[in-house]
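Same chain, two partners: subunit A is paired with subunit B first, then with subunit C.
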Partner chain A sequence: MGHRPKLRRRLRIRRRTLLRILVVVAALALALAFGRTRAAPDLTVPIGEIFSEAASFAEERGVFRAYDGEGRLLGWAASGSESGYGGPMLLVAGIDTLGRIAGVKVVEQRETPIFWRMARAPEYLKAVVGVPYDEIEYDYVEVIGVTGATISTGAVIASIRESVAEVAGAAFDVSLPLPTRPFEFGLLEITILVLFFAGIAAQRVSGPLRGRIRWVCQIAGLLIIGFWKDSPITLAKIAAMLSGFFPDPRTSLALYLLIAGFVVTSVVWGRNVYCLYACPFGAAQRCVGLIGGKSLKLPAWSVRLMGHLRNLIVFAAIFMAFLTLQPALSSYEPFAALFSLHGSTLQWLLLFIVLVVSLVISEPWCNFFCPMRSVEIVLQDIRRAARRTPRARPHD
Partner chain B sequence: MTETKRRFTLPDVAALVFVILVDAVILGVLLQNFFVGGR
Partner chain C sequence: MQIFNSGFFWFVEGILFCVMVLGLRAVARDRSIPLTWWKWLAFGVWVLLAGFTIAFVGTSFGEGEPTAAIRGGLMFGLVAIIAAVVLWRVWMIGAPSQAAEKVTDS
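So, the complex of A and B:
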């Protein structure tokens, strides 16, 4: 009997939590269903832009022929699609009857606005116009000198290659080899693995040694995951996966390792090793905090308020990402501003405020605004639910 | 009437300004993403 009020209270909380979860999941599922039902794009529109004199089109096995008003063949076009930062990218390349690139159009892309601007796709696409289809330089750096936004530029290039190869095969009976994409496993991936193992190992030691391990890990994360590769986990990457857009594991192995580490350590160990040991932005704030001494504590009501607002913002961002099927648009973190020096005025302002406040408040982004904190809370709830259920059973 | 409620102190005002400022900027970034899209 002594258990009854406690059990009832626990049940009530559970019922309310369950209701909240149902509402959130239903809303997100509806948004995703809506986003997914949109019709596939009509490729004759971009092809008509490439061949401006085209009056009619004929399609056979994915390759379009464009004809002018008198029925003369103007050229061929085909689409190519490759996973970018926020989901698949769709391009159409047109080749004229002399075998030169007549034009390339981006039909769909889901990149973060900042990364898309960094990728400078329009510039590259303009540079390949007029080039014979078998002489295209598939190298951004060679053509326009871009080095950033590697995933986006890689996707642009792979999509063009695919569409050009398709046209070459159908129109000129030439088989252009598509490059095989090997697994990228380098210093970044090794660092991530080492940081996670060090973070897990650090849970077994106590005192100053654990603190020292954390500092070493965080500095490594700051330099390698942050400044060198700019690849921390972002809401956009989570939203992309939730939308069903899984990036190519051969080129995005680091992302899979980070997310797996985040989820596994949160659910299995109950300690989210990513945020404590690997996240470069957390490390940046801690470094700034060293200068200021971070002595201020915010009133409890404001901490609660910020938690609620953060959850609300994360929900709204994912909702909009699903509705528009543009997951990259949900990204609001100021990471790219710090690590790639790219950002809109508002992102720079956000970075400035967070770093200045880090002087007096301990890791304000992590504690109050980071969307990954909301994800962590969901994972902790799952862990708690999984652990509580068997214990509650004897009282049923 | 005796004063039972806690007064709104300077740290409360500072916290409120901080909350409003950062959340407004975050909302601004999101709205900019969705409506301008950087394109």
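So, the complex of A and C:
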């Protein structure tokens, strides 16, 4: 009998949690549905910009013909789409009757403004104008490591080549080779695997050795995942995946490894290895905290309040990303500011605040702002519901 | 933002740094911290860094580049603040521990 009130209380909590999750999921689903039902872009507008004298268009199997006012053919145009950092981007390329590229226009892109700037897309779009369709020299391999936004640049180049190939096939009956995007498996991917295995193995040892392993892993993560590759998990990447925009596994294998490691270790094993052993920003905060030397303990109510605030921010960010179908909008993390010195003023300000606060409070980003913490809580709730075990503490 | 380009501003900044030198000396004397040449060298490097940060912000504002001033200020300011904490820890090297101080007091 004594167990009954406890059970009832637990059931009530569960019902409340379930209701909360249902409301959140329903709201996000509605936003995503709204975003998805937007009308497809009218391609004649950008084609009209490429062929400024065009008065009418005719479309056949995705290839447009542009005619002037007297019915003379001006050229052909087609769209090309490739997956970028924040989702697919859509470009339109026009080829004139002499077989030269008349222009390329971006119809849709979902990159974060910083990566879009780094991708130097306008330069690539301008440089191909006037070039014969079969003489485009850009290849994906050329831009790897050159721009700092290789996924975005690679998507721009692939989209240009795809649209040009489409027109060349339809108008000139020429089959152009499509750009090759090589499968990337290098030091970054190996490092991620090693860090996850080391993190799991570290849980089997105790005492100072575990702490030392964590430091070594975090420093490696900071240098390789952070400063070298600038590839931590961001909310924009998760929002893109939840929107159905899955990045090309050939160029984003590291992201898949990180997310898989994060989810699997959180759900199956109950300890989030990514945050503890691989996250470069967590490592940066720990290093700064080590310099500060002291860690203030905040009252429990303020930690709870900040947690609710963080969940609200994450919800609002994903909601906006779904509603506008622009996952990049949800990215508020200051990672790029620290690791590649690119960021908005707001991100720089956030980085400044977080790292200064890290001098006196342990890992403030992880505990109060990080969207991955909210995701981790959801995963832990799933695990708790399945196994009825208590939620693990944030970062111990 | 003409003030940043004026000699008066740098005069004030010089005074502030001198006050800092005197303050650090006083702290070291009060806590019986040994002062070595490399501690002063570290302080000198930090003064250069802090001066550069202020100069960067000031001149950027002066040239009508508020975004550069804000971002540069945040970036170099962050480094200067963290470096200040490092400097403080370097400065405290050789300080007698608080427990030892208590024993001496009693």
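The rule is simple: the second predicted complex is superposed on the first by the 378 of 396 C-alpha atoms of A that agree within 3 Å, B and C clash if a C-alpha of one lies under 4 Å from a C-alpha of the other, contacts with A are read in each partner's own complex, and residues count from 1 in each chain.
What we mean here is this: a contact is a pair of C-beta atoms (placed from the backbone, for glycine too) under 8 Å apart; a residue touches a chain by one contact, two chains touch by 3 or more.
Please read all numbers here as calculations on a predicted model, not as lab measurements.
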Inset, instruction - Considering only touches as defined above, state whether A:G292 meets subunit B (first), subunit C (second), both or neither. - result: second
Legend entry - subunit B versus subunit C as contact partner of A:L359, first or second or both or neither: second
Legend entry - Which partner, subunit B or subunit C, touches more subunit A residues: B
Inset, instruction - Report for A:L349: first if it touches subunit B alone, second if subunit C alone, otherwise both or neither. - result: both
Inset, instruction - Go through the superposed model and pick first if A:I114 touches only subunit B, second if only subunit C, both, or neither. - result: first
Inset, instruction - Return the residues of subunit A at which the contacts from subunit B and from subunit C coincide. - result: 349
Legend entry - For the subunit A and subunit C complex, residues of the former touching the latter: 288, 291-293, 341, 345, 348-349, 351-352, 355-356, 359
Inset, instruction - Would you pull the subunit C residues touching subunit A in the complex into a rising list? - result: 67, 70-71, 74-75, 77-78, 81-82, 85-86, 89
Legend entry - subunit B-touching residues of subunit A, taken from the complex the two chains share: 112-114, 116-117, 296, 298-299, 301-302, 305-306, 309, 313, 316-317, 320, 324, 326, 329-332, 344, 346-347, 349-350, 353-354, 357, 364, 368-369
Legend entry - Residues of subunit B defined as touching subunit A within the complex: 11-12, 15-16, 18-19, 21-23, 25-30, 32-34, 36-39
